[in-house]
Each structure stands twice: as C-alpha cells, then as structure tokens.
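Next, two complexes with chain A in common: one pairs it with chain B, the other with chain C.
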Partner chain A sequence: MSSAPPVSFFDRPNSYIGRTVPRPNVKKLLQGRGTYVDDITLPRMLHVVFVRSPHAHAKIVSIDRAAAQEMPGVIAVVTGPELAKVITPWVGVLTHMKGLKSAPQHAIAIDRACWQGEAVAAVVAETRAEAEDAAEMVVVEWEELPAVVDMEAALDAGTPVIHPDLGDNLAFRRELVTGDVDGAFAAADHVFEEIFHTGRHTGVCLEPRAVLADYQPAEGKLVAYQATQAPHMIQNLLAKHLNLTESDVRVVCKDVGGSFGIKVHIYPDEMATAALSVLLKRPVKFIADRLESFVTDIHARDHRIKGRIAVKNDGEILAFEIDDRTGIGPYSVYPRTSAVEANQVVNLVGGPYKHKAYRAATEVVFQNKNVTCQYRAVGHPIACAVTEGLVDLAARKLGIDPAEIRRRNLIPDDAYPYTGLAGLPYESLSHHASLEKLLKLMDYDGLRTEQAELRKRGIYRGIGLASFIEVTNPSAAFYGVGGARISSQDGCTIRLDPTGTIICATGVTEQGQGTEAMIAQIAATAVGVTMERVRVITGDTDATPYGGGTWASRGAGIGGEAALQAGKALRQNILTVAAAMLQAAPESLDIRNGTVVDTDTGVERLPLEEIGRVVYFRPDALPKGLQPEFVVTRHYVQKDYPFVFTNGIQGSYLEVDTETGFVTLLKHWCVEDCGTIINPQLVDEQIRGGVVQGLGGALYEQCIYDDRGQLVNGSMIDYLVPMAGEMPDIVVGHVVSPTASSELGAKGAGEAGTAGAPGAVMNAINDALQPLNVSLAAQPFTPESILMALGRVSAKVG
Partner chain B sequence: MKAPPFGYVKARELGQVFDLLEQHGDEAKILAGGQSLIPSLNLRLSRPTLLIDINAIADLQGIRETADTVVVGALTTHVALEKSPIISRHVQLLAAAMPHIAHPAIRNRGTIGGSLAFADPAAELPACATALDATFILRNRDQERRVKASEFFHGLFETDLKPGEILAAIEFPKATTSHRFAFSELARRHGDYAMIGLAAASPQLGMLRLAYFGVADRPVSAERAATHLIRDGAAGVEAACASLADDLESSGDLNAGPQTKLHLAAVLLRRALPALLPSA
Partner chain C sequence: MEQHEISVIVNGQKLRRRVSARQHLIDFLRNELSLTGSHLGCEHGVCGACTIQVNGTAVRGCLMLAVQADGAKVETIEGLSDSGAIADLQEAFHQYNALQCGFCTPGMLATAAELVELHPHADREEIRAHISGNYCRCTGYHAIVDAIAFVLETRRNKGGAA
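And then the complex of A and B:
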C-alpha cells in the first residue's frame, strides 16, 4: 500500500490502459449472432434492385418498364426523374479545396449514365429475387457516348468534356512550392527521376454496403438502418436531400461488417433507397451484391506520379518534386470530395525528411469510370511509395545502404515541434527511434548477409524499408472548414445504473475494429470498474452524443478522450455521493474494481451497487442538499493542430523468382508510434490488417478497365484480394510518443499499416532485382509485369 | 446475385435422371457438387429450368480398383480423392494435384465428374486425366460409351457429352513401377484457377504426356515437346521448349498474355524434368 501518487492516471489500480483484454462484442460476432442490416426484417418491407448502366457513358433514350411491372411481386419500377421529385441532387465540393468543381449528381441518373454501374432505374419488389427477376425485364434504350477512360488524355483538346457545363474535365488542381526548389535542384550533385503508378483498387468489406430505410408517414419520420461509419453525417444529408427535419431522421448502425472508408460516403443507390421509402411509404431494403459493389463502392489510388529527388553525393536530400495526376470518375464524391486523396499526396510526399525545398502539383480529372474517394490511409500509401521509392532510387544509384540514407535524412527526434514543407506542424515524431527499433527487430544486418549468400546461388531476395507519417485525430480543418457538416468533435455520455453498471454512449462507431472495446477499457479505467461492468452504445443518432463517427484514425484519439473525461467526471460525482454516505472527504476516496476504497490504504468501503441502491431507491437517506448526477457527458475536439501526425516505418523481406516473376513475401515488420496504446492487441491487429490491405494494393488488387471503360475483373474470381496463404508473418513494434493535445495521449493507428506496406514491398522487389539492373514502379507488381521488366517477356498481346 | 427461378428434383436412380433429361432436354442441368453450377446460376450466366440433383445416386459413387485400373465414380468429391489411399498409391499425379484445387470448403463438395464435365480449361483435373490418358465412361439410358481424355474435351466448357448422356465414372490406369509424374502450377493466390499448369506423366520409358492447363480453350497435350524429350532426354529440353509455341497456341487472360504463358510453360517444363526423366 503505497501512498505515493500514481505516475499517471493510467497507472492507477484497475487500469485497462495498455492491456490486452478480450473485446466484449467479439463472441457475439464470432458466433454469427451479430445484427447486420440484412439481418433486420421489418413488417411490409420491400427490396430494391437497381438497373445499372452497362456502358461507361451513354444517353438514356428510353426506359420501357411495362414487362417488369407485370412480374410477380413487383411494387414499383422507378426512374430518375420520378425519384428526383422526392430527393434533391448534390454536388461534391468543399470550399477549402479552392477551385474544386463537380456536377450535380442524382440518386438515380436522369438522362445519362456516366459510368458502367450507375443506377438508371430502381425495381422494388416483395423479395430480392423477384426484384432481380424483374430488373432483367426493364428495357433501356441507350445511345452510347464517347467515354473518357484514360486519365492522361482527360484534359487534351480532343477529349470530350463529360460535364459540358463545367467547361473541362479538370476537377481540381493544386500546386505547392516551398523553399528554393530550383536552387536545390541546381545545387544537387544528382537528380533522380521515376514515374510511379498506383493501381486503382477498392476496399472489399465482408458486409457489403447496406441500408434499410423505414419512412413512417404518420410522423414524417425516417429511420435508416445503415452500414455506415458516420451516422450523424448520414442523418444530416438524408434530411437535407429528402427535405425532412434533421431530428426526424434517425440513423441506426447495429453491427457493421468492415468499412475501411468505403462506408463513409454518400452513395446514390443508398440515398435512392431512402427516397423510395418516402415515395412508397414502406420500408425498403438495399443490400449491394458483390458484383454491383465492384462497380459502385468507391475506388481509390488511381494515380500517376512523376517524381524527382535532388541529392548530394553523400546522400543528403535537398528537394523532392512531384507531378501527380489522378482520375476520379465522373463526379467528385459527396460530401468529402474526391480531391482529398490528391491533396493528401501533396501534403505527405517527403514528409519524414528534413530537406528544405519541395514542389508539388496535382491534377484531379474526371473520367467515365467508377468514382474514387477516401479509402483507408487516404493518399498515404501513394505518397509513401513515391517518397520511399525516390529515396531508395537515390540510395541505389549512390551506393548508400537504404537504412543509412534514412539515418542521414530523417527529421531528428529532437527537432520537434517541426513544420513540414506542406506547412503542417508535427508535434513529436520518432523516426530515428522507429528506424533503429525496426532494424533490430528485422535483424537487418543478418538479413543483408543472408541475402548476399543466397544471391551467389541465384536466389534473389530483397529488403525494403518505408518510413511514413500519418494524419490522425483531425481537427475541423479536414471537412468542417470546407462547409461539410461532419463533426470533428465527439462526445461520450456515461451513466451509473443502480446495479453498478456503467453505460457509455459514444459518437464514434464500430465496424469490427474494436472501438467498443477501446471505449470500454477507457471508461472502466476512468470510473474505476471492471470491464464486465461496462456497456457501450454506438451507432444510433437518437442515443449517442452528436459526433463524427469513425474515420481518419480518430476513434481512439477523439472518442477515447471524450470517454476518459466523461468517466473521470462520473467518478468525481460518485465519490461526492460516497463521501457524503461515508462522511469522509471525497479526496480520501477512490473507486477501484467497482468499489469505493480509501485511497491510501485500499480498504474497501462501499460497493457501487450499494451507492446505486441508495441513490436511486433510498435517496431519502442522503443529505438534503445533495443531488447525485450519475449521467455525465463530456466532449472533445482536437484543436491544437490541423492533424495529430504519427509516424512509423515498415520493412519487407521477400523473394523474387526471376523465372516466373512471382514474389513470395517472407516476412514483414512495422514499427509505429500511435502514442498511448490502449489495447496492444487491437493496435497490433489494426496494423496487421492495414499491412495486408497495403500488400493487396502492392501485389494483387487492381480494378482493370478496358479502353471502353468496362471493368473487366469485377468479381471475387478475378479481383484478387490478398488471402492468408500468401501473407507473411507481420511483426509489430511500437515507439510511444503520446500527444500532449489530449490527456489520453492516443493518436491513430488504423491506417499506419496500409500507409507503408506498398512502398516497403516495392523497395524490396527493386532491392532484389538490383543485381539485374531492373526496377519497377507501377503497382500492382504482378508476375507478368516483373517478367516484362526482366525482359523475359516482351509485350502483352491479347 | 440471386439465381433465376428453377425447378429441382433429387433423383433416386439413374433411370429417373435419363427420364428427366429426355423430358427437359437442354433446359435441364445435372447438379453434382454445385461449386461451378450454382455460381453460374447466381451470376445469371446460365438459366436452366430444372436442376437434377444426382448426389443420392449410389451408382455414381466410390473409388474401385481393378487389376490394372482405378475406377472413380463421377460423384467422388475432391476431398475423397485427396484422402484416398488407393489414389495416393496408384494415381499419384491426381493426389499431387488435389491440394491445388480451390479451398477445403469447395473440395468438400466439388466432384471429379463435375469438374471434368464442366471442362474449365484452367482446371487441374481435365489436365490430369489427359496426362494419364484416362478413359471417360459415359452413360445414357441405353448404353455405356468409353471415350479417351484426348477425345473428351472439345473446347471452352465443351465436351463430348451428348444430350441425354452423363459422365458416370473415370478410369485411370494404375501406375506401374516405372511410372514417373510431375505436377506443378502457377497461381497468383493458392487455390485460384491456375495462370498456367502442367500435369505430366510417363507411364514407362519412351512414353510421355505433357498436359498443360490454363493456356488454351482446353487441356493441351504438348506432343512435339514430348517427342523431343522422349528422343533426346534432358538434352532435348531446349528443342522441347522451343516447340511449345506450336504445341500450345496459348491465349492470354487477365493475369498473363500469351507470351507470358508460353514463357511460363517452358519454366514449368524445365522444372518438371528431374521428376520425369530418369537421367535428368
């Protein structure tokens, strides 16, 4: 029994901070007893299936629905102009993205389809199967229009303009110049250049996008059971575009089966489903099937980047320069816009290094393919691959070891606070500590020895490193200042029930990553109860504090801090009552494991259920002037920085079979710094899952379009998601630099894995192939692309 | 992704199957493991009005040995082949191929008859049957017909099966002591249909069948290449690889163009040589 004050709040007895504890909701999910949208059935519920454009760009001449309307079970076949009477179109722009433009987008296309997969009619029937049968009977007469497919040609004079009202196919352009770029390139001993491509790919969620919209005409209320990351954002936009009062719209997310950024946007078919419920006055369910998911779930990362690096002979980096182009489909996605990814690329290239000059330009162009928008680690994997590809290129050319060139150029760990060249402040990063930890975990020198040995035997192994910075805990700078009603603040309402149970309602949401476990750990710690006593409520606009939801690695950093402050406040309130009951000073008491104890001795004084009993059922026993407040709400918004940056580094070890072009991933490492770690296992699994998604982009995943704008691999047979058999062991290490912007000190960890993995793999492949004087820069690195680079196969025919 | 409406009959014996095939003609489809047929219904690529489920028919089950052959009933599942001691002793090439076919859940249901009748050119079993010179036993109401593997595959999803006929069993020659074989495939993810694969068997010195899959519209026997190897042994490998272009007439797919496939075909052949040739 020590009377010394605890080192920090998290070192107090009964702390769950930094402990791996089982997730309260995991048993239910593993037993298949989760409640996903498709598990919900309402009386008089209908199903909608959309008739989608088979063409990349085509005028709708006519829609003949006579036969479809006669099909069994069909209630309605609805076209765009009809639905437009109940739902208004939207434009995906934000005011702080200067110059960003887009065209009005309708829930169902009005007179023209702008990508293969765009919905042009809705068929509503008693069952999904009946709706599918009838959808086949809808006859659309099309007039094909020329499709803009190649993003490189999108701005050329001869290329048709997709939205004539906009004047051209340029959605957004940003240029950034910091420092004396020309001087740096002139002063350089060497300038190295490469053209990088990151393959267009998508997030594949176990649960597809889904909504069940239930409009109740008697009250004018709409309940949307929706698979979304941001319920309050959806509430706002449903109300706005359906002309309902915001408080009459309730968005409920029960269990959500993965999201990765896919479920944080406004999708026309989901909005159409809500509009159909208003129109038909019945509950309408839409569950995207896998095939339509591939052509409607947002895609991402379709970039071509010309990169240059200016270096001295000793490897000192003087400047980076990039020229980026990305194709985003025919519309900027609402409301977060499709310019954010390119904007992030500009913000992040060169981020870990201490050079003083940087020039970047990006052009975001329209094309007739599915839309792109924010997918896990938005822009980071692109920026990281470009930066780290250029750094390794310089290292190879100069004969400097990749670890050494990083040592010479990473921002020193004692240089903080530091402002990056895109003007964004870094609070405190740990690049060097992370690098050294990674090298040790990898046994870098040992791997280099092994690599050299095997090379003598014709075995080509490669080691790749990739340092990165990551945007987490965003302030209002991300969306709010641009006019989007997406909350950067989040709240937690916490209460003590008579049985001593703690109920927490939070604005951040759970999609399977463990948000509820994290909130429960913080609440249990803050109040002083065991985890079993905590229940967490998420994903209900009627029941939780107004908040932003989960995206941009903000769940723990923002939602967690609100839970901490709410829990601490409730603890104080409980102790005030306990002190009155025990006639003790509140300062002398603490709550541990659900019992009020003497702080100094730990002697148990009063269990919470006894306090609960008295407060709720025998308040007459309490002093007259004492009004217990056992429900407390606290909010938190991060205002110190635009974003709280984190950092990390990844390492890849792999083997390239130079005869087949196959890459075997042997092992992968990630050291990251997410500040305070609440649940080590959850953080590690976030990193691993993120790494796997990054590896997917590097080696497997690509949405392949033909020159008529047709997605040719839009099924799980042909679109290759990474699978367990090919995945390496992933070793995760941490450096901990808590953020001082909150008491909790947590930064985000959800995107770090995805950010660095593709760059590390690219560098490892190029390291392996270095003796053959071959390097690649176009993701995904496929066996065929590697064989072509090696000159074993010439051109792709057929 | 819901199948269009269809009828379903669980057939109890072969006679009933033939009756139904006769009544419904093209409109009826045999349902074995359903691992290819059901996805094609859900994708609405195929819309039979009747599915004739043959899973309960005892005549189509089981793995039997005769003196020189192993006869495998069409309904034998992939997992049964994988675990069969008869197969691993006498038809080792098949045993070697099994782990490459899809994933355990699919192997639990998919059948050899379904795989061969479906005739996916990238599938393992049609190539193994070709390499082993297996005999296909086809039945209709009146008779049984025996067709060699080399005659059975006509093209993409096309076989020698005639209306009213089903694949009843497949007969594989038992491996002799001089039997040599090699199986390898390249797939970007384990369990995927192969980018390219090679099932090769040499029942005795002087005989060699090199059956490639994932290169053309059906399993292709590289006869010129085999001739070079039979004649010159390992010394014939360059000539054998050079003749693959004529043998295979490879076509490309999403993962690899024809040139890449041809290149990989040669890589697989070189790698298979030590197993196939006593001297290599």
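And then the complex of A and C:
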C-alpha cells in the first residue's frame, strides 16, 4: 500500500467534522410543517384538563363533580383514588444519594395537596374548551393546612413536618471536606465572605409540556406521543406504574418545542393522562397551558449559599467554604431526584482553581412550593456564581485585577490529569488558554480604558469574568448506579438501502439542538457519503436502539460516538462486498461521496446504488460464501470518568444606570472548550442560547411566592424572560481539547452558556458599582434590588 | 354556544364557516382548518408564537376571535411558505440557524416579514426592537437578528440594482 491512511478519521476526503452545515431537518419547521404533540389528532381523541389546588397545603375534604359531569362533551371526571387503581405511586430517590428521602407521590393527589398547582381531579371531554368549562364546575371543599414556605425555617422545631412519616423536612444532606480547611483559613492573610442567593426560576419552554396517550385495549399496548428528552426512560416508567409490559409501551417523540431539562422528568399530570387513556380506552391529550406550566413545570436554582474564601495578600487562593441550602418543594422529583442540583453545587464550587482545601455542606429541604429539579446546567450557574463572586470579592478587596487573580489561581493547562477537590478527575482542561483568548476577544484592556474614561463622566460600566467547569458525557455513575433505569449508554443502528441511502436510528433525541444534523454529519463522514444521502431517525422507542436521550450535554459525546462507530463498521462491511464484486483487496478501496474508489488513485469503481442493487436484488451474482451485512449497530458508553469535564470562561460588559437601577447588557463573550467540534455553527448557537437563559436568571427570571405559598407572578406577563431588545450580541470563541475517552473526542456544549453567564453578569454589575462601594449577591439583579443596594429606595415594594 | 357564520380568505382560499362566538382565531386555524403551523405558547398575548398576518398586518392569533376575521384575509405560515413571499427569510433563517426547536419560528417569520416590508433600513437595534414581542427560548436571538439583517441587506442591494 503506497499511501498512508489519513492521520485521523476526520481528515477523510468528505469529512463533515468541523464543518458548518445547515440542519437538514429544519425545513419543515421553517414552513410550520413540524409535528409537535399538539399538532397530532387521533380518531376518538379526548382532552384532559386538571383541577388544581389553589392552596399551598390543604386537605381535600370532598370533591363534588355532579355539575361538571352534566356539562356538554364531558366523558369523565376522575379523582386521585380512582386513578390510583390503574397507576401506582412513585418515590423520587436514588440509592447512591445516601440518605435522600421522599414521600410517595400520586398521579393525582389522594387526600391532600402539597403545593399550589397540584392536580386533584381530571376532567376529560371531547374538546379542550369543554373540559375547561367543566373543570370550573368541579367543587372541591378544602381544609387549609399550615404551609412551609421559607426554606430557611423548614428545619426549625416549630415548623410543621410536611410528610410526618419522614420525620422531618430534610430531604438530603451532604458534607464534604478535602484538605486542611481550618489550617488554610488560619494561614490566610484575609478571609472574605458573602451570602449568595440564586432566584428560583423555571425553563419556560415555548412549547408547554404535552402528551397524547393512546391505549389500545385489544393488544394491551400504549403509544405515548410525548414531548420528552428521554423516550426510553418514559417507556420504562409508564410500563412500571401502569403495570404494562415494557415492550408494549411505545414512546414517540416527534418535534419538541424546547426542553432544557424541563422535559426530562416524570410529571404527575402526564402520568395521569396515560392512566386516563388506559381507564377510558381512548386517546387522551394533555397540553399544559402557560398558567399551569408556571406552577407545575419543575422550578430550579432556589439556593442560599454562604460562601467564604481564604486568600493570601498576593491573591493566592487557599480554600473555599460553602454552606448551601435549597428548597425543593414537597417531593423529590421522579426519577432523577431533586438532590442532584445541590450535589452538583458541592461538586463544582471552586472547580477551576488550584487551591488545596475545600469544605462544603448542603441541606435540601421540603417546602410547600412547586417542585424543583434539573434545569439546564444543573447546579453549574449557582456554583459558578458563588465561586466567581468570591474570587472577584477577593480581587476587589486586594486591589488585584480580576483577570490577574484568575491567572494566578486557575489550574495550569499543563497540570492534567488533575483531580478536583470534590474528588472528580479532570482529563484535560484549558482554563488559561481560554482566559487569554477571551481577554483578546473582548479587548479587555481597551474596555478597561473605556470604562475609566466613562466613569469620570458618571457612567458606570462594568466588566465581569466567570470561569467555569462543566459536567458532560456522564457515565452510569450519574443515575444507573443509583437504581434509576436511565441509560448512560446509547446506540446507533445504521443501514445501507438499495438506493445508496444511509439510514441512522439513534437513541439520542432532538429538541432543536441540532442532534439530527450532528448525527448525519458523523454518519456521512464515517461511511463516506454526502449528507444528502443520510436520513436520521430519533425519538421512537420502537425504532431506535435503547438509549438515554439528550440531557447533560451528552448528545454529541455519547450519541455521536455510537454513530461514528456504527458508520465505520458499515463502511467496512460495504467495502468487503465491494472488494468481492471488484475482485480487489478491501484495504485498497475507500468510499468517497457515495462511490467506492481506489484509495490510492481516487479512481471511481462502483457507486453505492450499484452495490445496493446487487446485494438486495441480485445476490445470486455474489460469491457463495459472502453474506452482506448492511445493517450495523454500535453502542457507546463513557466509562473512563464519572463525567467528562469541559471548561470555559465568559465575559460581560454592561452599564448600570444608577438613577433607575436598569442594567444594559452591552456585549457578552464566551470561550469554551467542548473538545472536538462537529458543527461550529451549532456549537455557537448552543452557547448563545444557553448564555441568554443564564442572563434571564441573572437579571429577570424569578418565581415569586408570597408567605402563603402562592406564586404571584405565574404568567408570561409577570414572569419576565429575555426578549431580543434587551439581549446583547454574543461573541463565541473556542479552545479545543478533545477527550481521549472516545474516538470522536466530543465533550458536549449544551450547558456551558448557562453555566457561566450569571456569574459574569454579577461580577460586571459589582465591578460597575465598585466606586460606589456597593455590591450585590442576590439574583435576579432587578432595578429594584440595585436601587436598594444603592440606598435610593429603602424597602421592597409590595 | 352562540354560533356565527364567517367568510374569510385563508391563504388565498375563500372559506365560509360557522364558528362559536368565543373561538379564538388561532384555535379556528389550528383545530378547524388543521393549519397547525401557528403555535400556542401562552394564549395570553405575550409570546408571539401565534403571530399570523391579517390583512397584511402581523397580529396575535390568540388575541383575536375567529368572528373578528369575518371578511378578512388571513395568511398563516403555511400560506406564506407556499406563495414564496418569505422564501428569502426562510432561507436566511436556515443558513444562520436562526431556529432551534422551531416553535417560535412561524410567529417570528411573520413578524420578520412585516419588518422587512415596513423598515427596509432597520439596523440591528431596530431589528431587536421589532422582534421584541416574539419570545424565543432557544436561540438567544443573535442568529435571528443576523438572518433578518442579511435579508434586509440583500433586498436593499437588489432594489438598488433594479
């Protein structure tokens, strides 16, 4: 063989790795011809609407449904005890979260509602409007119970215990001590402390949660069309709790209108919808309306963290210490649990730095508010804001430039492999390269000059930096070892059709990230065909290999690697057949642009459609002993580390109006290292979208509860989300350190933007206000809170 | 429920239908005509996912009743796509990846279509202001602004050349 094989598989002639390619599957979405759950109509389909608790905590004395049942179009009004006959309750715990406890949760409350918004009855009718009309006629007699609202008081002796069987309101506690923490604090020249708050907020997917459950009684089969990130997980849980055979449950997930972690859980109303379909033997559709989304979609990030940092005069960081508390609502969410976020905070605080001592404690408590669980970047934005807030606090107090204190303390780029103080190994990170690249992109020095000039004119601009680490490509350590049937492996089945088309079925799912494009790019590269020849199938438990789905930034890293290996294997099988047909050695052949060629000369020998024709219709023309295998499946699971870590840094430039308290975001930067980049445009757009979600949490978004546990801003009018006018342009840069845990080397990019944005904004606001000796640490940084910090208004309005 | 007869031209097709007085235009389009391209994100007039064109103006389908469309010309994303009226916007959205989940996209395109007609010289800031009634949770807006800016520029250049 004269010519050496390409250095890397990705240098092959028609490689799509590292190329921006427009997503092949979005043309239908651009024409409004997608299929979201609410777009599906089935014969004899019914609609369900839920009657929900208006109280944070109340006993159901009675439910009078006589009037509702008489309403036009009504098929059934069903209560919790009735539904419990077809669906069993669940408990949201994982065995590896030691000590985590929760109470059994029912699809519809049995005798008590534990948060405002909990469903207490279901009304099923021919149309949604009829179901809504009838739901208003259901009369529930309530006996209000004392509500536990304040998480700080949840463990106090005088506070009622929400679930008496559990003994107290503590769901989970974790403590971690690494190194000589007391020694480090004693040796420090300075100890700085701050109390941080991250506002409880929620995902606000533009498409609300949605399921259409179609039970087919003759066969005992259930088809659930569901807007979900994890079809196989849903399949397992529907089967388990409805007492169906798992293979008789099919979960179909067509187009999904955003997910962000909101659609990766089991929701009681969605489970109830499936149960109602079983009960009524008809298809039943549930589409959450926006008002019920606010009180039932998981919330997240409701944390109070006391943080301390021990530093030397020269800015050397010796230790971090945090004391975290979070309120998670009345139940730990099933099946991923509501302790993961706090656990991640403990795992991630201080993550980018090389200090030697760390102490962390977290307490996860029950309360009578909506449940919290994993929302995009789980725990990361909290940990990042606390860490970076403390680092900037130290920098400010010591008079060290924020970029310089990071230079002095970030883990050196040549220190890897490195084990973080929470005991998690980092394979290869690039904090310093990322920092330097960011400073250059920002023109940091130029911005500092501009800032100083403007300050003289009474204009307060701030520059904020935030380094972060991010968990991606989780191993079985995340859920599987804790007993949850949530797969950390994923598969790809790839086949060659007679026309030379490649069909890939993958276990990872698409909710807009570009999963299908990414899989198609990898498969095309691996087999040797153009993208136009590749079709991708996702989101159907009957049609795809068993897998985990899309969450924890695992789509490219796990699903992509499975596609790569499947594609390579299919290529090999095709070449074996081609070699027989051409009477050549398989090693002397390659597939390029859908044609078998001589590797050395590139001379075209045989198009794939000709191979397809012979294999499928004239197999008699093939040598006797040769059985072509044109369907190949490969799986991948990341086993080298508990998680693959990525890193990055963000920069924010903003202006604070000290008269009005308004923050104007002028520009935002993110440099991140997601390893191998498959499609630069898709990565950049993941970062940008993630950044804006982080900015929302930092500046606007908060689920505000009153002291009776009532959500007071549960509509899109009152709950503010980032709109185009307030958002800045976002510059994205990359450093590339591929992971060696897979051949593809991709780490994942879906959450980096959200992880770092709030910390960067907080630091920028505090940088802007530094001359006024004011700093803030409670998100969201609303105009009101900034004016209060400035002493311009005295108390909270309202 | 009180019923009314309406005549309406939807995507160029004349229709005569009986609708209930309380039915929203968006529900009429989605449920009665199976034009499911327009979406419902809030049903209270904030998110813009239901944006369609009525007599050439972008309106929120969840804030208008079907009976109010009596005698009107309604264009949904399906009609705007088939007529080719927004083909350049769709192509630019595709190239810039100005959509992820695509749920906001039909409404965003209807708003963008109005913008490029009314404000051919809009700059980035004006684009941002104009689409500020359309919520997108996925993209962070940057790519949408890029795509619209590209179309404006292309249309301006074409106009200049003609």
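Everything below uses one rule, namely that the second predicted complex is superposed on the first by the 792 of 798 C-alpha atoms of A that agree within 3 Å, B and C clash if a C-alpha of one lies under 4 Å from a C-alpha of the other, contacts with A are read in each partner's own complex, and residues count from 1 in each chain.
FYI, a residue touches a chain if its C-beta (ideal position, glycine included) is under 8 Å from a C-beta of that chain, and two chains touch if they have at least 3 such contacts.
Just so you know, these numbers come straight off a predicted model, no measurement behind them.
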(message) So in the superposed three-chain picture, is A:T660 touching just chain B, just chain C, both, or none of them (first/second/both/neither)?
(response) first
(request) Would you check which partner chain A:E132 touches, where first means chain B only, second means chain C only, and both and neither mean what they say? (result) first
(request) Please indicate which partner A:V391 is in contact with in the superposed arrangement: first for chain B, second for chain C, both, or neither. (result) neither
(message) Let me test your reading of the model: by the given contact rule, A:D289 touches which partner, first (chain B), second (chain C), both or neither?
(response) both
(request) Answer with first, second, both or neither: which of chain B and chain C does A:E784 touch in the superposed model? (result) first
(message) Applying the document's definition of touch, where does A:I704 land relative to chain B and chain C: first, second, both, or neither?
(response) first
(request) Check whether chain B or chain C contacts more residues of chain A in the superposed model. (result) C
(request) Based on the superposed arrangement, let me know which partner A:G725 touches: chain B (first), chain C (second), both, or neither? (result) both
(message) Just to be sure I follow: which residues of chain A are touched by chain B in one complex and then by chain C in the other one?
(response) 129, 289-290, 715, 722-723, 725-726
(message) Quick check on the complex: what are the chain C residues that touch chain A?
(response) 22-23, 27, 30, 34-44, 46-47, 49, 76-78, 81, 90, 93-95, 97, 99-106, 109, 124, 127-129, 131-145
(message) For the complex, give me every residue of chain B touching chain A.
(response) 1-5, 43-44, 186, 188-192, 195, 251-252, 254-260, 263-264, 267
(message) Under the stated contact criterion, what part of chain A meets chain C in this complex?
(response) 22-23, 26-27, 29-34, 36, 38-39, 41, 129, 203-208, 255-260, 289-290, 511-514, 681-682, 685, 688-693, 715-717, 721-727, 729-730, 753
(request) Can you check the complex and tell me which residues of chain A touch chain B? (result) 128-129, 132-133, 136, 289-291, 659-662, 700, 704, 712-713, 715, 718, 720, 722-723, 725-726, 782-784, 787, 792-798
